[in-house]
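Paired with chain B in one complex and with chain C in the other, chain A is shared by the two complexes that follow.
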Partner chain A sequence: MKIDKEQIQDMYLRMRKIREFESKAQSLFAEGKIPGFVHLYLGEEAAAAGVCACLDDEDFITSTHRGHGHIIAKGGDLKYMMAELYGRETGYCKGKGGSMHIADRERGILGANGIVGAGHNIAVGAGLTCSYLNNGKVVVCFFGDASTNQGTFHESLNLASIWKLPVVFVCENNYYGISMSQGRHMSIKDIADRASAYGIPGIAVDGNDVLAVYEAASEAVARARKGHGPTLIECKTYRQRGHFEGDPGTYKPAKEQEEWLKKDPLPRLVNIMKETGFTDDEIAAIDNSVAAELAAAITFAEESPSPKVESTVEDVYSDIVEEVRVR
Partner chain B sequence: MASLGIIANPASGKDIRRLVSFATVIDNNEKVNIVKRVVLAAQAFGVDTVYFMPDTFQFGRVVEESLAREGVLTAEIRILDLLMEGNADDSTHAAECMEGLGVDCIVVLGGDGTSRAVAKGVGQTPIVPVSTGTNNVFPQMIEGTVVGMAAAAVAALPDPYKACVREKRIEVWVNGNMVDLALVDAVLTDDCFVGTKAIWDVDRIRTVVVTRCHPATIGFSAIAGSCQIIRDCDEGGFVLDVSPEGRRTKAAIAAGVVQDVGIANERVLKDGEWVRVTVDCAMMLALDGEREVKVVSGDDLQLRICRSGPWRVKPEEAIALHVFQK
Partner chain C sequence: MSVMTYGEAIREGMSIRMREDNNVVLFGEDVGAFGGCFGVTAGMFDEFGEDRVRDTPISEGVIIGAAVGSSATGLRPIAELMFCDFLTVGMDQLVNQAAKMRYMFGGKISLPMVVRLPLGAGVSAAAQHSQSLEAWVTHVPGLKVVYPSTPQDALGLMLSSIDDNNPVMYLEHKAMYAAKGEVASLDPIPLGKGDIKRAGTDVTVIATGKMVSEALAAAETLAKEGVELEVLDPRTLNPLDVGLIAQSIEKTSRVVVITEECKRGGFAGEISAIIAEELFDLLDGPPIRIGALNSPVPFAPVLEQYYLPNKDDVIAAVKKLA
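And then the complex of A and B:
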């Protein structure tokens, strides 16, 4: 598959944005500036970047509790993301969703989701809509390894298969469901094997090699767009941090962590870029642009106001305004 | 006292060719079933120790526990104490270790790529390659019971090489150094990164070198097979360039994908004859179907075919020798 210099640069930009955003979120959380929980995507950048590089703005994604990377890769604005993490009214969800609930309808981002396995059904619903409208759009469903033990995963693959929906299921196998290693919660090694039970293609790729992810995803997306149905792609990757910030991750063997850090997707892509003719200055220019964008996003968040108390029951599905007012 | 090594690749049969072609799906639990049959047949034919490569799926432990629970395991199962890297090097290191231990025969489950990894680690130990991969030319689709019997038979033969063929291999030399090898084919492609490793796009192929070819095979050696039949026992190999302006031929380049291919400059290669390839930009050399060696403009890339590959067991001959020459 031909991948030109511009495409590689685009994927690097997405990955670098995720890396810097997450690194900053880590330190801001430690400083107490970000409330609630944050689940960082550090180490898994190649999966989101490689997949989303195959999508158009009009395509859809569903995400997980570890969703920052997906949203950035799909084109989410760092300003509104950071404001949301800060809980400010300029954030994507007016500061009331926080890290785990960022959505952007205009970018086809159907939402991060705090419930493990809840994105599968949403992706199938979106896929059914795309199929019904015959609009040529594709839905990518991101999820983790442990969520494939949930009924929603199996129901979703079954429905997507039988209806030939344009959904690409992307499992980010980071080998842990919270603190439980994969070998303790399933007796298979490759989640891609689960595809055959539903009569769809299932492939495993090196999820820390963005070009491998891109190759696999572009074939799967093309297949979905042509109406040939869903695909399951398993990206083998690794969560470099704990499940959430504050989790020391003591259940991860030190040797394992050390080996995976050697496979960090960012330096691997930088090496490829240098081999394919990128200069140090070109790479530094991208890094500098990301740093500037992130600094502006933090300033934007810190200067934004918190939501007003009166807005508490705005934008909720249930019309409980009257009830609250009465109380 | 006869011993057997088993190298089962947990990653075989799951690559992108399930998406870009119609390749076979074999999950690891099915490989476990095959390995169980190998072990049962081998112990029935006199093998008392079976060494396993450690792997992320833990084939050895799974097979041992299952057969022991059934009360049918008589051989001793030993898992090699090796550090796993989760890549093809595991197979190479396990093969080296097994040969060092004096294992009589090694059964290899995987595709061409897995056999290639093992070939890099063995010298004189016979191997039985069993197909659980994708476009397999080197390993055979063969029942596990027969594999176990054949491996045990070879282990018991006074001269095991009577039931084996010494395989050819392609040596890859870059700038005067041998950097890698292939058992079936070496394919130069315009891709300049490893990516998903597999190759499937004929339009990106420049040159194909093969140790064997037949029109009835699957993969890029099938292109050469449309010009000439060269068997494992024949000397030399074949080389051709893929060219849109070249003579058109039809070949099964992947499972379910039979395609028109333009070829030029095709010719038979003698044993040891060098093929020098012009490298005018960054390219990848795919070995036995997987992008492995990167070359850049100005590199001196040379390939040659030599009969210095692994000893491959001919299962039917091994079993027949064992059964009828007692």
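And then the complex of A and C:
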């Protein structure tokens, strides 16, 4: 597959944004500026970037608790994301959702999700809309290896298959569900094999090679757009941090971590870029633009006000504001 | 006598029975060598081994279902859900299977199973990791429900929950795991027995879980103004110790009920209705309920604090009754 320079640059931009955003989220969490739970996507950037590079703005995605990467790759705005992590009024969810619940309907982002396995079912519903309206849009469902042990995964692949829905199921196999290694939570090696039970294509790719991800996803997205039904793509990758910030990840063997650090998707792409003729200056220019955007996002978050407490009871319904004086 | 945290007391309760009875087993997500998402099962994997302390995949349906099936056939399982909110994923196994089996089968089967349900807000875990779902589990005939508020109660209630021959929902507040308290007794606390956490003569405050400490804080403040609250913790929500509630109200004639649930449809409503129906003649005024706002649990700390009921709400309610 021929991938032109512009596309490579575009994927690098997405990956660099994710890397910098997550690194910053890590330190801001450590400084106590971000409350709640934060699950970082560091090390898995190529999966979201490679897949989302195949999508249009109008396409949909569903995401997970580890959602920042998907949202950034799909075009989410760093300002509103950061403000949400801070719990500010200007955040994507007005401070009501936090890291685990960022959504942007305008950008087709149907939400990060705190319930493991919930996104699979929702993606099928969104796929039904696209198929029913015949609008040419597709849905990408991102999820982790361990979530494929929920019934929802199996229900969703089956239904999407028999209804030939335009859904691309993207499994980010980072080899762990919290402390449970893949070998302990399932008896097979390739999660892509699960596709055969539902009569759909299943392919496993090197999830730290953004070009390989892009290639697999382009084909699956094209198939979905043509009305030929769903595909399961397994991206083999690795989370460089603990499950959430605060988890030291001691269950991950040191040797394994070292091996995976060598396969870090960002330096790999940088090498490819240099081979393809990108100059250091060109790469530095992208990095600088990301740094500036991120700095502005943090300033935006820090200068934004906290939500007003009265807003707690707004947005529960479209038409009713729960009475404040309920207790 | 020793001082334990709430989390340690839960662990000790499970461990005591696991030492005595090989049929007591524990399973759930990351409960093994990892020690549980909140560290409650730390060390149990080493003490009891992988056969008895089992990590499960992320599959709440089969976590609860395996408790049903194994308890029906001779084991005494303790199933841990990482968060109470994930009950939704295993609801069929709980509501249509666990709760109804004995009845549907004419009493010929017993399900001695415990489901541990970490619940509650206060840690900015947002809408899908913070709920208090007492009302859901108390509404279903066939389930017993306990909710300790101190390390002592956590230990004693765990022992009786394991000993019980029915499915017991063991509610534990995730923001209380580190709270310390004296554990003077290693005896089981019978299900269905409430406890007076502070004796008083003027107003009865019925409180559960983390709201017990809010009620006690309100009692401290009001005592300085000469108002003596009696703080009653039912400890078991089903079966409920109506006798103890009656005794207390006989003395005080006034009652406030505080729970952390959304107020609408909460279990506090059930307690209040029982009081209104059965103890009306003892009352000088209506029972007053205090709950959280009727919204999902918000993320931002300022919103979450506003959402939650607290001691000031108790003080305001008491003043309203005076």
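In this text, the second predicted complex is superposed on the first by the 318 of 327 C-alpha atoms of A that agree within 3 Å, B and C clash if a C-alpha of one lies under 4 Å from a C-alpha of the other, contacts with A are read in each partner's own complex, and residues count from 1 in each chain.
In this section, contacts are C-beta pairs under 8 Å (C-beta built on N, C-alpha and C of every residue); 3 or more make two chains touch, one makes a residue touch a chain.
Computed from a predicted model, the values in this text were never measured in an experiment.
> Can you tell me whether chain B or chain C touches more residues on chain A?
Touching more of chain A: C.
> Touch check for A:Ile3: first (chain B), second (chain C), both, or neither?
A:Ile3: touches chain B, not chain C.
> If we overlay the two complexes on their shared chain A, which of chain B and chain C does A:Arg88 touch? Say first, second, both or neither.
second
> Would you sort A:Thr312 into first (chain B), second (chain C), both or neither based on which partner it touches?
A:Thr312: touches chain C, not chain B.
> Could you tell me if A:Gly125 is touching chain B, chain C, both of them or neither one (first, second, both, neither)?
neither
> Once the shared chain is lined up, is A:Gly136 touching chain B (first), chain C (second), both, or neither of them?
Neither partner.
> Using the superposition on chain A described above, determine whether A:Ala192 touches chain B (first), chain C (second), both, or neither.
Only chain B is touched by A:Ala192; chain C is not.
> Give one of first, second, both or neither to describe whether A:Val116 is in contact with chain B, with chain C, with both, or with none.
second
> Going by the contact rule set out at the top, does A:Glu219 touch chain B (first), chain C (second), both, or neither?
After superposition on chain A, A:Glu219 lies in contact with chain B alone.
> Could you list, by residue number, the parts of chain C that touch chain A in their complex?
29-30, 32-34, 37, 55, 57-61, 85-86, 88-89, 123-129, 263-264, 289-296, 298-303, 306-307, 309, 313
> Touching chain C in the complex: which residues of chain A?
35-37, 87-88, 93, 95-98, 100-101, 113-117, 146-147, 149-151, 177-180, 184-186, 251, 306-307, 309, 311-313, 316, 322, 324, 326-327
> If we count contacts the way the header does, which residues on chain B are in touch with chain A in the complex?
Residues 10-11, 14-16, 18-20, 25, 27-29, 56-57, 85, 190-197, 201, 204, 282, 294, 296 of chain B touch chain A in their complex.
> Can you list the residues on chain A that touch chain B in the complex?
So the residues of chain A in touch with chain B come to 1-3, 188-190, 192-193, 196, 201-206, 209, 211-212, 214-216, 219-220, 223, 231, 259, 272, 275-276.
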